[in-house]
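In structure tokens below, several structures.
There are two complexes below, and they share chain A, which is joined by chain B in the first and by chain C in the second.
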Partner chain A sequence: MNEEKRDAKSVLRALQDRIAQDAWDAKNRGEKVGWCASNFPQEITTAMGIPVVYPENMGAAVGAKGGGRRMCEHAEGLGYSADLCSYARINFSYADWKECPELEIPFPDFLLCCNNICNCMIKWYENLALELDVPLILIDIPHLDGEACDEDRVKYIRAQFDDCIAQLEAITGKRMDYDRLTEVMAVSQRSSRAWLRAVGAMEHVPSPFSGFDIFNNMAVACVGRGTVEAAEAFELLAEEYEALAKEGKSSFKGEEKYRILFEGIACWANLRATYKGLQSRGINLTATVYGPAFSFLYQNLDELMAAYAQVPNCACFEHELELRVHDALKNKVDGAVFHMNRSCKNWSGKLYELERQFRVKTGVPTVIFDGDQSDPRCFSEAQYETRIQALTEIMEANKKEAR
Partner chain B sequence: MDDVLTLGMDVGSTTSKCLILRSGAEIAAAALIPAGTGTSGPRRALEEALDKAGLKREDVAVVTATGYGRATCPGADHTASELSCHALGAHFLIPEARTVVDIGGQDAKALRLNPEGKLVSFLMNDKCAAGTGRFLEVMARVLEKEVSDLAEMDAQATGVVPISSTCTVFAESEVISQLAKGVSLPELVKGIHMSVAVRTASLVRRLGVTAPVVMTGGVARNAGVVRALEKELDTPIRVPPLAQLAGALGAAIYGWEHVREKR
Partner chain C sequence: MEKPENLLAPFRALCRNPGAQLDKVLAEGKKAVGVLPYFCPEELVYAVGMRPFGLWGAELECASSGRYYPGFICSILHTTLEMGLRGMLDGLSAVMVPTCCDALKSFGPNWKYGVGAIPVIDAAWGQNRKTPAGEEFTRASFRRILGRLAELAGRRASDAALAEAIAVCNENRAALRAFTAAAAAHPEAVSPADRSAVLKAGFFLDRKEHTAMVRALTEALNALPESRWKGLRLVTTGILADSPALLDILGESGFAVMDDQVAQESVLFRRDVPVTEDPALGLARYLGQAEGCSVLYDPGKERGRELVRLARAAKADGVLWVMAKFCDPEEFDLVPVKRMLEDAGIPLLTVEADQQSASYEQARSALEAFAEMLRG
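Right, the complex of A and B next:
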């Protein structure tokens, strides 16, 4: 029987569902399952065959499916501050309620935290460890204050990497197979390169796809990049985008009149409003930091350590700024939209200065709007609309002037 | 080209402004009703302006709505953001304007114009209403005064009672507790104005202060806030006589440009 060729979007969705189901199946078989931070070195768990699930992804999905407000309010009723990250609040609610109609993940036997995505996350996971009475393994990635990760940092991270493996062997009874680790590292490289290739297609004019698709596709880049299926799916995605670009076509609905950099995590709970506000005006997202954020390029174990220390959220301000400026110029943006994500202290704390320096360095008009990744109470559609309309008017005037 | 009438409606959260412009050059009539979006204000402002000019709606080529209530403004042909409209209005009133500060009912804006008057960048306040017209309304109510009384009271102050809270609700409590202590009302009003100015100044500084600085919007009528902002920014601020109508004026200009392009 000939199998019909599937599109990358459905392959990625099916893969995401399968990874989630694998974790449930493992839990039901009595295997140990972990909760894991999104930028934790997944090479360890993938190589050891240890299933993990990602509370951050659950927080995003619950937000997108309309449960963010209920879950956040419940957490606040438990005594957690409304100023905490909404992913954390959703997770604390789930830990308390033990159920969530929008999405459930198997409860953990251990926790894996890595603070290269967010330093506040250490407290989130410490709290979970106490509440759920499960062990917490932390890989502490030192903040990178320069361009490169030096040898001392590599040694520091490597020691924790080795210790994490030893602890996981003790907790799960599974052994690390270092040949398998080498294979997983190679597959992860293949996935990362394919992901970067796919996201890199945004530099074409018009971009072959709606940039908001990245927010959906990146889930697999986060949870499954060590699997052959993910590598193949991203290669398929890159091929699809490149084929569209070659023909000058795009899956973006309508004419791509303007191209923007979108800074920050999506407003999952207000995805429709934020997307429509842009798409209805012919504005496509063609630059985002989510390319480099979920791709880790290395050749050996030491370079793997360095790669996890060089992710955008762990790097110095100047490096973060440069990433955005470089992407914006390469991908020919007409403007930029900065999401003041009230959940994220790492992001919101520096956003004003990031926006100011970005505006000065690129010369493109920018706008900041208030919102949150999964708490809909922080977003005002009327305020968003005003800002996006004004940005569009400036971009339109700039285009007229250039003609 | 014959005279073309364009009409700008600025439907804010607390007031509705309407202005009729003749061929993008001459103001034919204007009206301001102290009732904003969702009220009879927009309709009344439109009727009053048309009445003053002796015109009917059909005499007007284009109606452009701006402001918070622009999307629901009755009879509007199209909309434009208040950012673009205040920039156009300010440039019309003071052509050399390079930085425009507009404090409206529930937001504050800082606009940067190039030497030709084109809006090149802007910043707005975040969701918090501190430092906006609504903040001043709340404070005036606590003091049992009208917003229009505040500037004169400020002028009488010999010192200042600082207000440290940035949250409108907390600042209200702070003002109440200062009142209970029996502090001088003018000095308290000056403190309230300083609080607005400090918040607005941080917005303007992030954008970059390029002189001349012009202030538009309803709060520009409050000389106390203008003085406090001048002090904070260390630069003189020019307030055009039609500051509060700048948004409606800009909308009418926007409409005029639309008509001109079509021809």
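Right, the complex of A and C next:
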């Protein structure tokens, strides 16, 4: 039977919905379901057929759908400081209220934590484990102190990887099939390569798509990259982008006058304002660390361990800087916008220095604005507009001078 | 025998001006290494003949650290970086920086590109600290740090020297345990600010010298007649509780500190470093056995249970949480630990502390009200 060919965007959306529904179905069948940190080695749960859902994704979705403030304020009423990560605050509210009109995820029977993105995850999941009375498994990935993930770290992560499998077998009653793990690792590579290929299409001028689309598509890169469906969807996405690029077309609305690197997590609760502020001036996002953030390239298990230590915010500063500079130069940016994210002390603590060195190494103008990933109270549209206006003027002047 | 008040004075003087102590060490031709919180073993520094110098921030207004850190990073890191940027720590051979909290992860690069001349030693340790793999990772990491320190010191790092350094620091831990017990028995002689100064001075003095001073003081306290003090008994918790202004208010409000679960204080000396064949393994095990600190992986919140035990053992009227402003790990711990205290019927007061604005008049009102409530 010939199926009508669907576009990648709808395939990805359907896949995301299906993955979410699968978790609900599993829960309703009485299977054990976990809550999982976004950069936890998903190869384990995918290979074991253990459904997991991602509170961070829920935090982003709730923020985007307008529930961030309500959920954050409730958590503050529970005693959590407004200084803490808004994803965590949203999650604590959900754990307390047990309902959320914007998005619900099945409650967990266990928690899978990984601190390669931040140590805040550890404290957040400790509290959840206590609150929900469920077991917590931590894969601790110490911050890298050099370019490479050394042998001691690889051994440590590997031991925790093995220990996690044993604990999950005890919790869920499911066994790890190591042939299946090899398959999942291969599929994850395929997904990662396809994701990088799709995101890599931004190097074309004009970029074949609006860079903000990455924020929509990356959810599947996070939750489903170990599945064949995700690999196929990203391959389709890459094909679409490449076809558009070949024709010199773009899904970006309007003329792409300027190209920028956007640094940091999106302001989910202020997505429209942050997007419009750029799009209305003909500014397209053509570089972001979210490309490499959800692609893990490795050939074997030891390399897998190292790959999970090389994620943004776990890698050393110089590596992080090089990643941005390389992307910015390759994708021919005219400027960069840095998000000082109130939620993320890990990211924000180095942002000023990152911005300074990025500016020197790329020679493009930069601006920093204050915001938050899901708490709209930390974002000022007026400040954002002023900063983007200033950046636009400099980019315009630079273009005139270049002409 | 010397009176306790005379023996306390040098501790207070040291804490008022730790920089003078650093200058003295450097003038003697010794090398010193800055040691940031948390759980960077000083023993590694002693083992190569250098002097550790504790870097827990300082009460000062920052002018330059804001070029590197945004405002919502804790004052320990802001003010430590500020000291580096102002040249107040010039002469240090290195700074040891762990990465066990998110703000610390960027301290290394901020220091490296801001201060420049003083190298950073990354002091990684494993959060899965009670498992064999975590212990082994931490042991290997400490070995690597020792090697780096030996290079800086220009001498070999031997196991015997490390074992000796552990013994010296364990003696100091024992002396501090004896002192805190004596101070709790004699609040009329040791104010909260005095207690803090005695503990904190160890970060700037040679541990052997500190041990001798602490022992002399403890002996003098133990020789005092039984205390008739009738004030309010507190157990403190948090990262730091060393602000003289805040501690003076505590004393003036009729409180004494009976025990603490403070990262800069008893958390570091409640337990000894185990003696093991490979001394670096003992240091790793010490980390595995440590409790009561929010930067340690603590899935069951043993911290809360320990705090309840400490408060009960000290017959405390209440617990004071000195909340380091913008400290994520502390702010996360507060909610479940507060509930554990409530369940145990132990009153809690939380006071926010910020080294950049050391004015505690708001805390005075809160403490006076807390005292009134406790007195019923």
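Please note the rule applied: the second predicted complex is superposed on the first by the 402 of 403 C-alpha atoms of A that agree within 3 Å, B and C clash if a C-alpha of one lies under 4 Å from a C-alpha of the other, contacts with A are read in each partner's own complex, and residues count from 1 in each chain.
Keep in mind that, in the parts below, a residue touches a chain if its C-beta (ideal position, glycine included) is under 8 Å from a C-beta of that chain, and two chains touch if they have at least 3 such contacts.
Predicted, not measured: the structure shown is a model, and the values here were computed from it.
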Which of chain B and chain C A:393 touches, first, second, both or neither: first
Partner chain(s) touched by A:214 [first = chain B, second = chain C, both, neither]: neither
Which of chain B and chain C A:129 touches, first, second, both or neither: second
Chain B versus chain C as contact partner of A:340, first or second or both or neither: both
Of chain B and chain C, the chain that contacts the larger number of chain A residues: C
Touching partner for A:352 - first (chain B), second (chain C), both, neither: both
Touching both chain C and chain B, counted on chain A across the two superposed complexes: 340, 352
Chain B contact footprint on chain A (complex, rising order): 340, 352, 356, 359, 365-368, 370, 378, 380, 382-383, 385-387, 389-390, 393-394, 397, 401
Complex contact set, residues of chain C against chain A: 67-70, 72-73, 99-103, 105-110, 112-114, 122, 124-128, 131-134, 136-137, 140-141, 144, 294-295, 297-301, 326, 328-329, 331-336, 338
Complex interface listing, chain B residues touching chain A: 68, 71, 79-84, 107, 118-124, 126-127, 206
Complex contact set, residues of chain A against chain C: 78-81, 83-85, 88, 115, 118-120, 122-124, 126-127, 129-131, 136, 138, 140, 142-143, 145, 152-153, 155-156, 159-160, 163, 313, 317, 340, 342, 344-346, 348-353, 357
